[in-house]
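Take this structure, written in structure tokens, and hold onto it; I'll ask about it next.
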């Protein structure tokens, strides 16, 4: 090997080695810190999640700074997502940075992944972050396809729920006495909503 | 992370074997080109006249080590999916010392013995056959020293963990030692070829 | 391509640093493609396990070392065996290209063929013992484990080089 070639090789090696010393950790990782006591308190006081009705109300009120994040896969998001939701896969949550004035609501199929994402974002320093309790399944049940049991009176709470449902294009209806399949009584649900529900219920969390 | 290809599913089961074949071919070619298939070369190492073995080995370690570090750092290689050989402190110390004795006797290691055999060297073939016998005998005798065999196990244990420093610090130290080693061995080579043994 | 050293003369070996870089890149390619490094003695272990299993499968199953290395799909489904086969092919091709293929027994001027073959076989056997204990050899432990900063691998490197130097100095005469 010529002297120049050798010197180049040695120089490159030194640069890479010094760089390694400076960088230290070869794993590109993100770390966060968790105040376990504070988190536990928030969980106990139910300050960690919102219900589907609450989220629907926020969306309808165009709550400022609200960001709804769907942590499922690309294809699941493409199939159906809550109107206005952004898609951020769980593995990419680490790249989010807290910004003032934002309220983040995470949701997943049944809520487990979203709840885990809640812990991750709290560890990264987010303050106003919640997850949708019951996930998309609850959203389907409460908003897209709310069913009032036949033996339950149509009170103002139901009226409010039905109105929210219709705002999102859902079809509120009256169903059978709880315990009996509701398909036997009541109006036909919109085909699009049924298939979305069926798809949502077929997949796991 | 796009690598390791096998772990990320980019390589199928037959694919990984094919990759192994080509890796092996390149491996054998490098060893042969460097002259490590010749027992004389290895003995030259230990008589200090020809430090090629030291140079090849440690250049290779440094190259791969830097490659692994930086490919991981830029997110191409997932280090957690690369198999790290486990550490068994005493067995590997004993094994190393014993291996070194055989290494000096034979003038070839398991890999280079195959290189030698494949290029027509009868002594290479003798080493291969001897190795098979040695591995067989040791394996059969294993139940008698099984306790020692699995003693002082540390699992996957890196120098950085052992010394409580970062991987980058260890990389830097090894590179520094290697560069110093190369400078020193070049001196030694010149000295040894002037003085006759 | 003419060989400046004469068409029948073996070509010179490559510069050791260049060869080392090339070898390091091969090792790196193994990590990137397969998530594991190189090896040699492991293939010997697999072959030995297959032999033992063929002779007496109860012995093979009862022995932790052989049970570990036994491959359900046979010897040719073991990555290390395939890699070692490739090594032989690559070595042959490289030597062929450089006119270095010849049938011979390399030995010192004062050593007989028998003496050399005896030392080679004995050395091989001793390496076999060491490789089983150390879970590898210069390829699997020194190169692979060394590049991955494994403590046991570096212990192996230190032990092997130290004892090899000591023994080689004692055997100087055999190669002069």
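Structure notes:
Per-chain numbering from 1; labels A, B and C assigned in written order.
Note that in this section a residue touches a chain if its C-beta (ideal position, glycine included) is under 8 Å from a C-beta of that chain, and two chains touch if they have at least 3 such contacts.
Keep in mind that what you see is a predicted model, and the values were worked out from it rather than measured.
For the interfaces A-B and A-C, the C-beta contact count is higher for A-B. The most distant chain from chain A, with centres taken as the mean of CA atoms, is C. Centroid to centroid, with C-alpha atoms defining each point, chain B and chain C lie 9 Å apart. Taking each chain's centre as the mean of its C-alpha atoms, chain A lies 49 Å from chain B. Inter-chain spacing, taken between the CA centroids of chain A and chain C, is 54 Å. Contact with two or more other chains is made by no residue of chain A. In chain B, 62, 68, 167, 171 are the positions where the chain touches two or more neighbouring chains simultaneously. Taken residue by residue, chain C touches two or more other chains at 17, 21, whereas all remaining positions touch fewer. Considering their complex, residues 10, 13-14, 16-28 of chain A touch chain B. By the touch rule above, chain B contacts chain A in their complex via residues 62, 66, 68-70, 72-75, 79-80, 166-169, 171-172, 175-176, 179.
Those residues of chain A whose C-beta lies close enough to touch chain C in the complex are 1, 6, 9. Looking at the complex, you find that chain C touches chain B at residues 13-14, 16-17, 19-38, 40-41, 44-45, 47-49, 51-52, 59, 62-66, 77, 79-80, 82-95, 98, 100-108, 113, 116-169, 171-172, 175-176.
If you check the complex, the residues on chain C that touch chain A are 15, 17-18, 21.
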